[in-house]
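Below is one structure, written out as structure tokens; the observations come after it.
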Amino acid sequence: MSDLVTFGETMLRLSPPQGERVETARELEFRAAGAESNVAVTAERLGAVATWLSKLPDSPLGRRVVSGLQQHGVDVDVAWSDQGRQGTYYLEYGGKPRGTNVIYDRKGAAVQTTHPEELNLDAIRKARVFYTSGITPALSNRLRETTAQLLKTAKESGTKTAFDVNYRSSLWSEQEARETLTRLFPAVDILVVPFRDAQQVLNFERDPRQLAHHLAAEYNLQTVIVTNGEKGSLAWHNNTVYEQDIYQSDTHDAIGTGDAFVGAFLARRLSGDDVPRALKYAAATASLKRTIAGDIATVTKPEVEAVIGDDMQDISR
Amino acid sequence: MSDLVTFGETMLRLSPPQGERVETARELEFRAAGAESNVAVTAERLGAVATWLSKLPDSPLGRRVVSGLQQHGVDVDVAWSDQGRQGTYYLEYGGKPRGTNVIYDRKGAAVQTTHPEELNLDAIRKARVFYTSGITPALSNRLRETTAQLLKTAKESGTKTAFDVNYRSSLWSEQEARETLTRLFPAVDILVVPFRDAQQVLNFERDPRQLAHHLAAEYNLQTVIVTNGEKGSLAWHNNTVYEQDIYQSDTHDAIGTGDAFVGAFLARRLSGDDVPRALKYAAATASLKRTIAGDIATVTKPEVEAVIGDDMQDISR
Amino acid sequence: MSDLVTFGETMLRLSPPQGERVETARELEFRAAGAESNVAVTAERLGAVATWLSKLPDSPLGRRVVSGLQQHGVDVDVAWSDQGRQGTYYLEYGGKPRGTNVIYDRKGAAVQTTHPEELNLDAIRKARVFYTSGITPALSNRLRETTAQLLKTAKESGTKTAFDVNYRSSLWSEQEARETLTRLFPAVDILVVPFRDAQQVLNFERDPRQLAHHLAAEYNLQTVIVTNGEKGSLAWHNNTVYEQDIYQSDTHDAIGTGDAFVGAFLARRLSGDDVPRALKYAAATASLKRTIAGDIATVTKPEVEAVIGDDMQDISR
Amino acid sequence: MSDLVTFGETMLRLSPPQGERVETARELEFRAAGAESNVAVTAERLGAVATWLSKLPDSPLGRRVVSGLQQHGVDVDVAWSDQGRQGTYYLEYGGKPRGTNVIYDRKGAAVQTTHPEELNLDAIRKARVFYTSGITPALSNRLRETTAQLLKTAKESGTKTAFDVNYRSSLWSEQEARETLTRLFPAVDILVVPFRDAQQVLNFERDPRQLAHHLAAEYNLQTVIVTNGEKGSLAWHNNTVYEQDIYQSDTHDAIGTGDAFVGAFLARRLSGDDVPRALKYAAATASLKRTIAGDIATVTKPEVEAVIGDDMQDISR
Amino acid sequence: MSDLVTFGETMLRLSPPQGERVETARELEFRAAGAESNVAVTAERLGAVATWLSKLPDSPLGRRVVSGLQQHGVDVDVAWSDQGRQGTYYLEYGGKPRGTNVIYDRKGAAVQTTHPEELNLDAIRKARVFYTSGITPALSNRLRETTAQLLKTAKESGTKTAFDVNYRSSLWSEQEARETLTRLFPAVDILVVPFRDAQQVLNFERDPRQLAHHLAAEYNLQTVIVTNGEKGSLAWHNNTVYEQDIYQSDTHDAIGTGDAFVGAFLARRLSGDDVPRALKYAAATASLKRTIAGDIATVTKPEVEAVIGDDMQDISR
Amino acid sequence: MSDLVTFGETMLRLSPPQGERVETARELEFRAAGAESNVAVTAERLGAVATWLSKLPDSPLGRRVVSGLQQHGVDVDVAWSDQGRQGTYYLEYGGKPRGTNVIYDRKGAAVQTTHPEELNLDAIRKARVFYTSGITPALSNRLRETTAQLLKTAKESGTKTAFDVNYRSSLWSEQEARETLTRLFPAVDILVVPFRDAQQVLNFERDPRQLAHHLAAEYNLQTVIVTNGEKGSLAWHNNTVYEQDIYQSDTHDAIGTGDAFVGAFLARRLSGDDVPRALKYAAATASLKRTIAGDIATVTKPEVEAVIGDDMQDISR
């Protein structure tokens, strides 16, 4: 029985070394990467018992995903499929003025046909929190329905639901996203919204604080978290807003920062921390993630606590 | 104006180091690889002017294919597409008792929707030889028609046509292959048949020599080449059968051996060699290919000739 | 509840590339490696539910071991320790006339102080088979006792016990080994003996078949397996001896071959196969292991079955 | 028929990883690199049809150069030579206070004996622009004459000439450079001058703007570009001076920045852009180059335009 | 006969690539690293003749240490031992907010049992300077005595002694360090103290300048150097204090910066430079070290002098 | 004072990975490699004190050579030069039917202008054996004279001279070699002749045994060694011929096998072994070399003795 169950697509990420372009690359780094499994891994590493549900092709590629997640101790419970591909993405590390470039190759992924009945719904029912993100319903019509049904399943069993808007403009239009997401929000307990997504998708023009109040009221949410890049984050909970600055970091790989944030927040809430404490953990974990290669926050609790305590030195020996 | 024009799918090939499995790999080698472009590259390297026609996604992945072929001097003339993926395959080098393992991820590749009108048909019309292989019509119904139409275009313009059966059991059934291929053979001038394919697909039970006679007669072919693995190859031409042993080789990477054979045969025929001489070249090039990593035979004419002349020493310095 | 529980030391293995010496190496490959965890991984991969028990230093090195095993799905249940090191070994791939060279650096490893009470004894009690090898009691006096106690715990709970002699001359003398092992054998149900070890340690001069009969009688064993390198293996069971040839293989990395053999045998016995069938599986898995880098047999059931069925081709595509 | 033809030496560049010294390196990255081929590649990538002329040793090293340029689509038209070496250079990436260190090994390179008759002069005659740089006449007396003759050939055929001063103090003295270059300038239409070179070689003490006016008047130039490092660049054309700031960038590899600038400027002028627009393209391409490993600006037109439009985000997905 | 003899432990350093964690690493870089051998190498590279004394296990690991030092020309004169391990450490490069992480695995190292009689004491007696650091007496009680005896041996033979406090909190407590070190100081001629160590270990609260005066007076030292991180360093000598700013640097690898500083200072003093000149050399060498991977300052005298002269450009070619 | 002094050119060797061609390589391995330094390293490693004399460019490339030799403990005593290049060679590992391919780039190497006065002649005078090979006089006229003078210097001081014919057809013609070498032989004490070289250069048609007798008589040699590839070797000494089979080996890298042979023979003769014992050592060392990457035989005395004793097992642990 897991504290946290997440559902979503995990891809294989292929990236040439720093400074190389995919067009001329000869070697690619190979890793498992996906928003919802990133969240599960971070939560597991920080003390929660986490399970990731999904559907994978029954192939070495599908098994590569499993291997990449299991090594962190996450429970992987997937439907194996003879149909559908393993989604991949190619990542070119950039730097000013060239941004980090993500080239998705996820069309036709096995996960896109996942019907709720293929998944271990009992795991969701027995969990304390169920999490997915706005990427999932963006992947296919089937997943739009499945997402709604899984949130419903959770709600009906008393499992809390957490959801990150995670808008990806390459997957759907702002309008499609808005219509789908606002239909899902009523089933959500803990909502995470990057402020930029709120502006783009929800046409929300005011500030993060007002956004949180607005969303909480509109959708009867228990907790609303608004992340705002370098400007920090805030959490609305029980009508109170808690603010949290980011921790400065030297960025080696920015991908997965948001997922590390969410995974840490959920793990600490599950272990009994109050909202501001969990938010601090989330910010510290996110800053550590940026120093680590790959999508996944390979951190430990003492490391996160050292950031919070600000007592790490340049070289500890 | 090229001597040789080929058409087909070229994939990106991803392979972990010797001894590693895809399931646990962390680094992958990254190369362009496709039967028809392999043939074009080999022919170009051995003296022909070669063009490869295809359709590629307009992305860094499509450009990676172009880069991998252009470096060998082949003219790349492709339709760029906003639809469809770039096909890939994963290759695990094996060794007894585990075979070399190929995991295709080529579904939905842009090339599968290629209509003849998207291609530079003039290049085919002006070429001396047009080549494609049995992989192409196996990829989609659209390509089944396109293959037929390209062969027809070639024939009508006086361009000779060359075709390698290249049966891939993962792409279509023996029956489908048989029906399609035998409908294409009448438009072929130079037919290459791996003897194993003939047994599997054409239900031909007799020996390679009889196979050549049979196919030449049945489809009114100018040249028939039968390759037979370690047992060597033979060419039927003008009612004469020429036999050729393989050259012994230490195999580093067996993929692409057949394409190197065909590319060398065509290059030498185009440059005026007679059939037995071209066959000898083909066998020598194939043996060299096996010592080289990747699908592509990065060889030179003097190297091939050194094999034929058998005058290379272990270390030349 | 696991089918198979194993206990022993897992080291971190550091190896320079083929042809390089440790003395001048600049890069080392880094993997988890240990006889008993190798057995657990192989069994898990071939269908058993397996748990590995041990004691590890609470450090990134200890966690590296866990990560390397969990990725294969094995349940890792370890005592974390603030005392003691993480054992390592350095491996130089050789080739005639230089053998593969193993340089142990395992002195003072945390595992050497493992008291049974630190381990999850319930896991042993509830398992169907408990496995350890002759390496474990060779590591320390404490482990000599612990090994005896764990075998006793298993026996008393009706858990079958399996044991591989695995003699390592660098860890103890033949005499020490003989005295200790023969005291442990009465608590063993399934005994695996490399014939060379029997000659060296047990001073047994006759042939493998007689060895099996002798050991079975002497120690009242249920099953005796004698492996004999290139000459194959045999299993004594219910007074019948079954023989099994090896499957020929191209060796990429021979380390772990014996563990792959044992893991496969146990997995198949646990799933209900009879002794000769399990032995065939064991031989096939061992042959596959030799083609794979690292100590661990990253194989799948279909791959093992393809070897047995002898129906794999050189390149399958 | 190419829009742009360039002539010059291309070397093989060997560089240890970041932080490593050549003195203790064990692995070197291996690339083709040369000012005039860099310009050709950038121009080709941004829409021009470009040909690079040179002389190379007929060896795998000469072919390595060809392969490294052809992959970008540039037409390579070289004289193959049995005499002379392939020039190389070793590059150590630095960082404050150690600069990036370039160790040339280009003495005796085949290119140094190039006589105009060995080159495809027709390509120059039919091109719209011919380009070479001040490195070429610095390499040998023979190349001093050849450079003059090629500029003359271009002029006489109505091909515009472009020239970058590119002063290299390791190749010749300031006085030698001054005497040679000022003799070449009258045959130049488009002159590119790094301001530092003007100060060092031309003893010009005033500011870039005055330099441009002065050079244009003195040598009757059509266009003068003065680059001035972090301070930006300017172009004099038809008596008007256009200024252009640099685009900020995170520098991964600064080598080739100037060549990217020139290649982009020429490509855009050839495609009809006016001078200020081409200058903006040049600055944007130069800033992108700095994020890319190797001498060559592996960029695309949309990427350059995204920099100009300043509409790229940190991670686009 | 060497100018400088040093004694201490040298470990093998294992580090995953930038951004990777040891927990999930698959490749490790492998180098020799130790404070006292770092000092010897720097001194040798800057003109001194240097010998490193130590005790190593007679194994490929011990030989790896020797190989890593001898390549820089240092004379290695070690006692080979059949007892004891080769110490290692694992290094994770960090970045804000995660510091660089050092995981020692040096318990039971052969060096810890070194008795003075095992070493070439004549080398110390004939040297002009003998150097060790506060790491050495922290490693074992045996080494505490050996350190004292070696300093005494040096003193009695007229060899100057140099000592760097080099406090490592993972090896001993502040109190233990204080007691041991203050007992060693009277035998020291040249003392190097990082200001942070003085605050921690010596409970010295005032400023670096006062610290130098205080130590010189208290222990009758000839020279006291206080390093103070980014704030620079100072040297007390003959009652005069010389101050030296750091040279700005882009840090690739900070480990070994202090040793490079000391090695350069000693080398230049040995070659006759006065204290402020040697201090300048030390600061410049330290800044160069930070740009270089590994513990060792692979620099040359001209490079150091270029930093002092501030006459290096970004790219010199 | 060294037992053995050698003189010759050492190059930097650049090689792509197995299976890759230089033409398309992106990474090259980087090592020091030269016949006479190979001999010195092998001898040093097997117990002799060895010095290598040469002339190197004063550059990171020259220092790379020094670093690569010093790491093995050889004393490097070179003339540093501001003129001349560092020679390099590129090596492509082959396999049947493509041989291992060596591409020299050694023209204009600094060593080619070495005058005896630039070298430490005292080292030769005080050594017990001086060694060089037929490569040295093949490199330049200057070196032809220098070789003669160094042999003369040795002879006059009572230093024994050893010489390996080492014919390289890419450096000089058979006739040039014959004329030069036969003029040098009278100054040689110990002559090593590959039988193939004797056939090619000396036009000697009979068998190795007769060759040895003939050469010993003709040139008044003390010892003649004839190596004959897979057929083994023989040594003529005091009118007796000793024969030695090769030890079978798995070849990873054949380059340097002959130098390992000679280095081991000389080391063992210097340490007092008789000729047949030294020959056995030589054959064993040569067989070990073939398993090791690079030109250099990174072996130890116990490893060589294990081969002779034939008591190594496949994996020793």
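In this document, chain identifiers A, B, C, D, E and F correspond to the written order of the chains, with residue numbering beginning at 1 in each.
As a convention for this text, contacts are C-beta pairs under 8 Å (C-beta built on N, C-alpha and C of every residue); 3 or more make two chains touch, one makes a residue touch a chain.
Since the model is a prediction, treat every value here as computed from it, not as a measurement.
S.K.: Between chain C and chain D, which partner chains are common?
M.R.: Under the touch definition, chain C and chain D have A, B, E, F as mutual neighbours.
S.K.: Relative to chain E, which chain has the most distant C-alpha mean position?
M.R.: B
S.K.: Between B-F and A-B, which chain pair is linked by the larger number of C-beta contacts?
M.R.: Pair with the higher count of C-beta contacts: A-B.
S.K.: Of all the other chains, whose mean CA position lies farthest from chain A?
M.R.: F
S.K.: Report, in whole Å, the distance between the mean C-alpha point of chain A and the mean C-alpha point of chain D.
M.R.: 46
S.K.: Between chain A and chain C, what is the gap in Å from one C-alpha centre to the other?
M.R.: Taking the mean C-alpha position of each chain, the two centres sit 39 Å apart.
S.K.: Can you tell me which residues of chain F touch two or more of the remaining chains?
M.R.: 21, 23-24, 26, 67, 71, 101
S.K.: Under the stated contact criterion, what part of chain A meets chain C in this complex?
M.R.: 66-68, 70-73
S.K.: List the residues on chain C that touch chain F in their complex, please.
M.R.: For this pair, the touching residues of chain C are 17-21, 23-24, 89, 94-102, 104, 168, 170, 254-255.
S.K.: Please name which positions on chain F make contact with chain C in the complex.
M.R.: 71, 247-253, 284, 287-288, 291-294, 298, 303, 307, 310, 312-317
S.K.: Which residues of chain D touch chain F in the complex?
M.R.: Touching chain F: residues 14, 16, 21-31, 59-61, 63-64, 67, 85-86, 88, 90, 92, 101, 103, 105, 107-108 of chain D.
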